[in-house]
Amino acid sequence: MKNLYLHEDCIISPLGCTTSENLEHLRSGTTGLQKFNKSEFLDTPICAGVVNSEVLAEAFSAIGDPKAFTKLEQMMLLAVHQILIKNPDLNRMETGLIVSTTKGNVHLLEDLCVFKKERLLLSNLGEIIKDFFGFGLKPIVVSNACISGGLALAVAKKMINAGKFNKAVVVGGDMLSKFIVTGFNSFQALSETACKPFSKDRNGINLGEAAAAMLVSDTPKKDSVTISLAGDASANDANHISGPSRTGEGLFKSIQNSLKEAGISSEAIKAVATHGTATLYNDEMEAIAITRSDLGATPLHSVKAYYGHTLGASALIESILCKHMMLNNEIYPSLHFNKLGVSKEINVVTAYQNSINLDYVLKTASGFGGCNLAMVFKKEGQNG
Amino acid sequence: MTDLHTELKASIIEQLNLEDMEVSDIENDEPLFGDGLGLDSIDALELIVLLEKDYGIKLTDPKKGREIFESINKMADFIEANRTK
Amino acid sequence: MAVIWRWFLKKKDKMANLSIDHWVRIKDGKIIADGEVIFASEADIASFLKAAFKFLNIKYPKFHKMDRLSKLGFIASETVMKEEAEISEDTALVFSNNSSSLASDQNYQESIKNFPSPSLFVYTLPNIVLGEISIRFGLKSENVFFIEDEFNAKLLIDYSAQLIESAKANKVLCAWLNLHNVEYDVFLWLSSESHKKEITEEQIRKIYDADYD
């Protein structure tokens, strides 16, 4: 299996409209979450990562008419646009396009506004992105709950290895809506305050909206350090459709298989970028899977307290962050952690760290439907 | 058995899609979760909605759910004590 | 000479060759398994699902909690998997449709008007059916759900071949599992690596397009 090499990326989120803006906030531990006593989503207080619609529309108006595109489309198109600007010679006719989203434009179920009902279809979202930029190949749309963003990278790797194309733009996104917020609220899963991954006093997730895009290919950068996806695996818990396995079965298996594909043991992993949603069950399950994999002492973080849980964008954004941590030898801190609140000893990074060589980083993700995903990122092209 | 007990059983069968079950199949003191009726965590959440929808009771601490939903008897007692509808 | 040429082609393509071990087609009130109509009833979805489940003759009370998409996926996979003497936990699930979970999304959206229902919300993702099938057969395997505008055999075959090629799965359950309002269109097949009866995209497409009486 050829490795998948990660190139230019862009994150559109409450922390900014470029990756570098996002990274600045992550380094300084500044959250993008906001408290709302009442919102368009719910009558009761929530804490969420909301992208400012006016700021977004203004940024988007440089490339298109904001009235003709939903908020989600604007975020995703802006993210892809930035990739293409940095790659003017990219042959769009031969570049793959892989799209990740869990709910797409589901908010249109409440009110179609100016849009036709085909806009609800996720395949339609793929076509919109394809047509906007003139991509030549049929988009591949992945919708597999909260692992979608990372799974899209794994799909890109497989399709490149199948010879379909040798480069692809992977784009992921989800936007907040009454549909999504009331849904998680009916699960009693939301915290009214900023979430506290792995902490003893954690009491639920915050939701967020964001988009991200990354160019990937089968070739590393010339004469430069490149980060690659060296191993990936997914495994279902086969336990429950909305709660994780109490023994972390599927995630443990995913981690083992991804390490195997990368040809390393857990000792080689220098940091873990977890899913860490701050629910009682997810964080406990993840801690179990991580310690079962002998990674209890390995520095880990969750970035859900910066963005909220951005669903179809989350695993992609978090993979992009892995890439930058590895390129810059840094780890962004996990926010709002005070006391360990899981049954296993894990090493939660609470202060910004730099000057650490991260040659392998593990990214984990889990989602409804019992799905789990693990990805091993590798630093290649280092001197010495 | 009061009307409330029967009413609860009928609601549970309908709300939780317990196909091919009759009201007479559910015992008043039978455990609803785990071994008895075998309801799961999503069913528990749906029962919380049922409490509000049919009886006007908003459960402020969802963790109390397991106690309240232990059996039809326990549920009926709780509802009698707290219903606003 | 022919042997060398075949070896060369295989090396060149570097793709696992897949067979179809068993398949099922569900449409218009019929279940067609490996070419034979094994069940027929009224086409309307509610009656069909009830009758088809009864036909399966298994005890699985959880079936009745599922949404229609999951019920269709469950019936289809049950039909195919019961032909397997042994079910490997590494049987991957590679599914696709156009509708995502739209029917359930609409039901949930309706419930928001009064009391948002958690048991409806849980089915508002297309991959939940993969969870249901995994639970039923104890599959701790690779999952993916693609959204396409129409049945795309090539994508599913290519992805499955990659899974088998990289030893991430030893068998793959592929499916087009579409539910548009009340119209259902299901095609599911079990694939494994084979050097003998390799299936082509055209052959798969033929099975999908055929009429069965």
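Think of it as A, B and C in the order they're written, each chain with its own count starting at 1.
Note that contacts are C-beta pairs under 8 Å (C-beta built on N, C-alpha and C of every residue); 3 or more make two chains touch, one makes a residue touch a chain.
According to UniProt, the chain labels map to these proteins: B = Acyl carrier protein.
Quick caveat, the model's predicted, so the values are computed rather than measured.
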Higher number of C-beta pairs in contact (B-C or A-B) found for B-C
Taking each chain's centre as the mean of its CA atoms, which one is most distant from subunit C?
B
Inter-chain centre distance, subunit A versus subunit C - centres from mean C-alpha coordinates, in Å:
27
How big is the gap, in whole Å, between where the Cα atoms of subunit B centre and where those of subunit C centre?
35
Centroid of subunit A to centroid of subunit B, CA atoms only: how many Å?
38
Mind pulling the subunit A residues that touch 2 or more other chains?
186-187, 240-242
Subunit B residues counted as touching two or more neighbouring chains:
42, 45, 49
Touching at least two other chains at once: which residues of subunit C meet that condition?
116-118, 122
Given the complex with subunit B, which residues does subunit A contribute to the contact?
186-188, 240-243
Would you tell me which residues of subunit B are touching subunit C in their complex?
15-20, 38, 42-43, 45-46, 49, 52-53
So in the complex, the part of subunit C that touches subunit A is made up of which residues?
13-15, 89, 93, 98-100, 102, 105-106, 108-109, 112, 116-118, 121-122, 124-132, 134-135, 137-149, 155, 158-159, 161-163, 165-166, 168
Can you tell me which positions in subunit B touch subunit A when the two form their complex?
40-42, 45, 48-49, 62
Residue ranges of subunit C in contact with subunit B within the complex:
61, 63-65, 114-119, 122
